[in-house]
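Starting off with a structure, shown below.
First chain written, first letter: the chains are A, B, C, D, E and F, and each begins at residue 1.
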Amino acid sequence: MTPGEWIFIAVMATTLAGSLAAVLSGSLIYALFGLVTAMFGIAGIYIYLNAPFLAMMQILIYVGAISILIAFAVMLAGPMYLRPKEWTSPKKFVAALAVVLLSLLVLVGIIMGSFRAASGAKPLIVTTQELGRVFLDKLTLPFELISLLIVVSIIGAIMLALFSKERK
Amino acid sequence: MTGNLLYNNLHLYLFIALFLLGCGLLGVMYRRTLIGMLISMELIMNGAGLNLVALNSFSAQGNAYGIAFTLFIMGIAAAEAAIALGIIIAVFRRFGHIEGGQIKEMKG
Amino acid sequence: MGERGFHLEKEIIPVKFALVEKVLDLARANSLWPVTFGLACCAIEMMAAAMSRFDLDRFGAGVFRASPRQGDLMIVTGTVTKKMAPVLTTLYEQMPSPKWVIAMGNCAISGGPFVFEGQYNLVEGVDLLVPVDVYVPGCPPRPEALLEGFLKLEEKITGTRRFPRVESAW
Amino acid sequence: MIYGFIQGAASLIAGLGVTIRAFFQPVVTCQYPREVLTISPRFRGHTKLLADAENPEKNKCTACGICVKGCPSGSIKKVEGEKREGEKRKTATEYLLDYTTCSQCGICVEVCPFDALGFSHDYNGAGYKREDFHFDLVKQLKRSKVQ
Amino acid sequence: MVNGLIEEIKARVMGAEPVEVSYTEKGYHCALETSPDKLSGVVGFFDEKRFYLECLLCTDYTDYLELVYLFNTHLAPCRVKVALKIDPEHPVAPSIAAQYASAYWYEREIHEFYGVLFTGHPNMAYLFLHNGIDHYPMRKTKVPVPSEDQARLDSFKPGEEEDTFFINLGPQHPSTHGVLRVVLKMDGEYIERAEPVLGYLHRMHEKMAENRTYQQFLPNTGRMDYLGAMSFNLGYVLAVERLCAIPVPDRAKFVRIIATELNRICSHLLWVGAYLADLGALTPFLFVFDDREQILDVLEGVAGSRLTYCYFRFGGLYNDVDDEFIAGTRAFVKRMWSRFSLYEKLVTGNVIFINRTRGIGTIAKEQARKYGVSGPVLRSAGIACDLRKIESYSAYDGLEFDIPVGGHGDVLDTYKIRIAEMENSLRIIEQALAKLPGGPFMAEKVPKKLKPPRGDVYQVVETPRGELGIYIVSDESDGPFRMKWRVPSFSNLMIFPELAQGVLLADAVAILGSLDLVIPEIDR
Amino acid sequence: MVNDLLKLAGSDAGKMVIGLVGVLLFVVVNALLLTWAERKIAGHMQRRIGPKEVGPFGLIQPIADALKLLGKEILTPAKVDKPLYYLAPTLIFVPVLVSFIVIPFDASLQVADINVGILVILAFSSITILSILMAGWGSENKYSLIGAIRSVAQNIAYEIPMLLALLPVVMLANSLSLREIVEKQQGLWFVVIQPLAFIIYFIAGVAETNRTPFDLPEAESELVAGYHTEYSGMRFALFFLAEYTNIFIVSAIAATFFLGGYQGPVLPGIVWFLLKSYLLVFVIIWLRWTYPRVRFDQLLNFAWKGLIPLAFLNLLITGGLLKI
């Protein structure tokens, strides 16, 4: 195997481990850092899929914005000195077991399948310019809608925060 | 030669996406706090995005719709996180905790 | 046990590598970051020693850290009361070794002018609480005396004196 | 509002001007061990015994004990003297001062009826032991004579 | 004013017998004795007349305890001493904390030092003392603390409420300038409640005074407020001079003024620096120390010490000033006048500084009266009360200076007032230097051993931080029977919990800094 | 793109390693130099000398400090959340190293010219926040926690104007690669066309590096030492190192984007680049020793109500003018 493959395996393992940690860890802050790890892994995968722009956006948005927002929520919503605890009951082990078994099953299936249907095709290269053109030529309406959505959601979030402050 | 490389295999990407989806679903079901659920939701969204990009890279005919839609997903995720943050704070102020299962009274 | 009832042993590295240790000592002596621990009058003179006129920073000792975790040297400047004593020992314990203590001013050394019969609130000397390396007497001592204290401490750490001695008129 | 903004920016730039000017001005530091400030002649260090003007070998203290009573913090631990031949008063042979409890107030110097005490200009003492500053002023006087 | 007041008290308050006393001998205008049941009526009268509670103290005369309430008005001095005798076996007195907020801490202090229980006081927890105390320290006879009161020694327990976020500001924190501890109950970055805990530098000055002679206490004065040591020294010397009726030569009076004003500039300078350091700017701190060193050089030249001068003696000075001092002072005054523009550019005009300080910690006039604040903090509220002018002592009445007042009562005002006060101090120094008379610097007949007549005396001076009052009771021995220091920082700090309520942590630090606290003075 | 990476990773691994070692070396030397410079500049601004007695002009001072910190007892407070506490100081180094990979020191002196270069820096800089968060949360200290929360809020607020200020330059240069942006400034520095963007970027950059007047996360008079209150010895040194490297990175990006990077007459490119960067570093240090700290709400208001609308306006105008 080439070094590139080894790195790919590492990236994949990071992603899987991160997502598992995000779901299974007992403390929310660990879950959050699991999510961050998974996001980095996915960014790495995007690089392998020849979408470096997307990879960087992934980090910028998920790590730089969303996880920070969640971290904020963790800190604001738990009183600061109390660490919000997640499920640490036997349920956890049941769930972990379920996930592991399920994924093993899937993995076996995939490996069987992939040997049969290895496409061998090289991933497509999409440049940033092309991406921009797609956005502004063909997907103008969704693009605008998304911006509208974000604006609305920001206003909504502010309203929610303000509204609840009044109630207090 | 490149065709045999591990990372040129579509199925592997799909597997990762599926795994993320599974993890996310489990999290949404079993997580007790709203924030935990939110984290799991993000995993699901990422799985979907990964799926789109992978399919776009391997089977689209030279267009970039998949990547574009992944970017849309990111936008939606950001919006969702903002809203969720608002809701979580509101819920916390209202109920004093953020445990989803314990929130019974939804009106007012 | 030390003479005043506490453990004076300060070394944390059991096996000493002579040269490494020497270089480290040289570095430590030239980079004594004090914890800001101002108690009373002498604290003002300690500040004065760090200010433009005297400039402790020349010896690399001007980095006053507010967190005890990042300091090497505790300058006890002023009267230690019985209410303050537990705080002082806690702060001392929070500092990572190797660490040093300068008792600045007569109050810190012995309770100073505030000792009288029947006093109910004074610790008569900070060396009853933590091991003191250098004593700087005075009420308050001039900033030069504190600088001299730093030089004395350097001398203690490295074993040699790098700076000229200033003999004051008796 | 725009005016306020400009005014604020101007004030910030004025502040920068002050510091950069100081940057190019000469330093005011006295580099202590290499150069020393002149200490005022009235500087109150710890007390010292003064030598008799007529007989420099002898100090002026008569061990009367007034300073011991006058000292607010009991720093003067012990004053003893002996009467020598041909003199009217005693001369101190031992004068123990615990400098670590002294407050340098100068009351002892003021109350001394024989003007036997003065202030030393020892301004930069530092030592490794408390006991370094328990002075015997009679001995110190002799030592300073030797130097 | 005094006569009218006496008549009015007689008319309005049942059974009160006020007597006029000689101000020059006693330091207060009117004395009045009352009993516990009538206290509330008397206090109510003064409250209605807009007097402020200057000081509340207790004296142990062995066979009875005497509580002394000193009331005064801000602009026309009319100090009334209200005395209340209570039984030392069962010391109980009604609390007046509801009428005067400043009594809240004074009563706590008396409770822990004398064991007087104030009925109706909301919180009798200890302010100063540590856990090992088993007797009331200031009582003349050793009275053990009853076991049920021992629990109160732990003055503050933040651990009681588990669900809240507490922050301990201090006792060793960069922004408290020493060893003040403030327990903050937080709501995020906002402060819900602030509770100062004192006593980390309680050096027993008042107890020590009872064990020492008048001369022997002199060095303590400089250590109580090490930044305004001259003012404290002056206050003590004036009080003893009043008690023993010692005349002071004119030259000494003027030198005292020069030295005190130099020291005042010194103190204000240090405040400016330390305050800016609180706000995060360190360079002004070093600039002010540069100026300060010039003053210290001048003062060391005459007093022989840089910080704890102990320069004034009963009846005069420790030693005379020389030409070098006068030349040095002139040079400093000249230099200082030119430095203000630098501070203007670096600090006063700075938009960040203005935004940090404007509109926070606002004190209203009524609030200032209730809490008995003094000094620049009081003047920032718009009350032009400066004891140098209003109750002129030493030779201040011959000198011309202004009393800067603020309009808003916020932190920025206190800053501006302190800067203006420095300018006024420079003016005073210039005038005093011009007027400096010759002659002796020491009164001729000052006995070596002071044996003042029986009685009490009160003396105020305006220190850099505000009103300092010294109350001395003499029993004809050579040392004071009781000495009480009414210190400005103590009453200024009292207002902090109210000002800090609901503000950001950063603002609380700014407000705390603006009060210009010197902790050894509070703790005494 | 992948091929580039693979080439670097596989056949050209040597070059990569050399680049990384060089970057590491530069990071350390730069941070040591900056601590010395900071103390020396601060000293002279306050009319004192600063480090002097340790080595010539006190130049050995930072080495002594570093050695001392290395020789300190490795102290882990009992209450800390260990994984977070340990990970934070190391994690804070990732963005630092990644950023150096794409910064062009000279026309040929760049570890890798990635075509989304600026995005790499911006994306990875968010790890800094995460590690501050870990440090604050993991320390189990209230001051640390408040410092961390402040830091997060501050970074969110200032990342946006930072990005918005860089966008007009990207539009002008029509590229995300740092080298190309520098090349486009052959004749005219972008600071001439985009003065407003430069100022906004610089302010936001100062805020991102937590320097006075925006040093709230480690506000000494309020929070003791902020998020690194509980760190001692080498771990604390890592935070320090990262902080100074971040200052350099912010200055370097400003130099690259607005001041023509390594472009300049006579002198070699790297000299110009370092000269411009260190000039900006000097300005940042200069600011620190002049101003008081702003308050938390003022800080956020300044970003949300001042910088962001201004940056948007600037972006719109630039876009409009470009179309015309």
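Assume a contact is a pair of C-beta atoms (placed from the backbone, for glycine too) under 8 Å apart; a residue touches a chain by one contact, two chains touch by 3 or more.
This one's a predicted model, so the numbers in the text were calculated from it and none came from an experiment.
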Chains touching both chain C and chain E: D, F
Taking each chain's C-alpha mean as its centre, the one farthest from chain C: B
Whole-Å gap between the CA centroids of chain A and chain B: 6
Geometric centre distance via CA averages, chain D-chain B, whole Å: 75
For chain A paired with chain C, centre-to-centre distance based on mean C-alpha positions, whole Å: 52
Chain C and chain D, separation of their C-alpha mean positions in angstrom: 21
Contacts with two or more other chains, residues of chain C listed in rising order: 51-53, 55, 58, 66, 113-114, 116, 139, 142, 163
Sequence positions of chain B contacting 2 or more other chains: none
Multi-chain contact residues (two or more partners), chain A: 2, 4, 48, 50, 57, 65, 69, 72, 76, 80-81, 123
Of chain B, residues touching chain A in the complex: 2-16, 18-20, 22-24, 26-27, 30-36, 38-40, 42-43, 46, 49-50, 53-54, 56-60, 62-65, 67-68, 70-72, 74-94, 98
Chain A-facing residues of chain F, complex: 1-2, 5-6, 9-10, 13, 83-84, 114-116, 119-120, 122-127, 129-130, 133-134, 137, 142, 145, 149, 152-153, 155-156, 159, 176
Residue ranges of chain F touching chain E (in the complex, touch as defined): 42, 45-48, 142-143, 146, 150, 212-213, 215-216, 219-222, 224, 289-298
Touch list for chain F against partner chain C, complex: 39, 43, 46-54, 58, 60-61, 63-68, 70-75, 77, 220, 224-225, 228-233, 236
Chain D-touching residues of chain C, taken from the complex the two chains share: 52-55, 58, 106, 109-116, 125, 127, 133-139, 141-142, 144-149, 151-152, 156, 163-166, 168-170
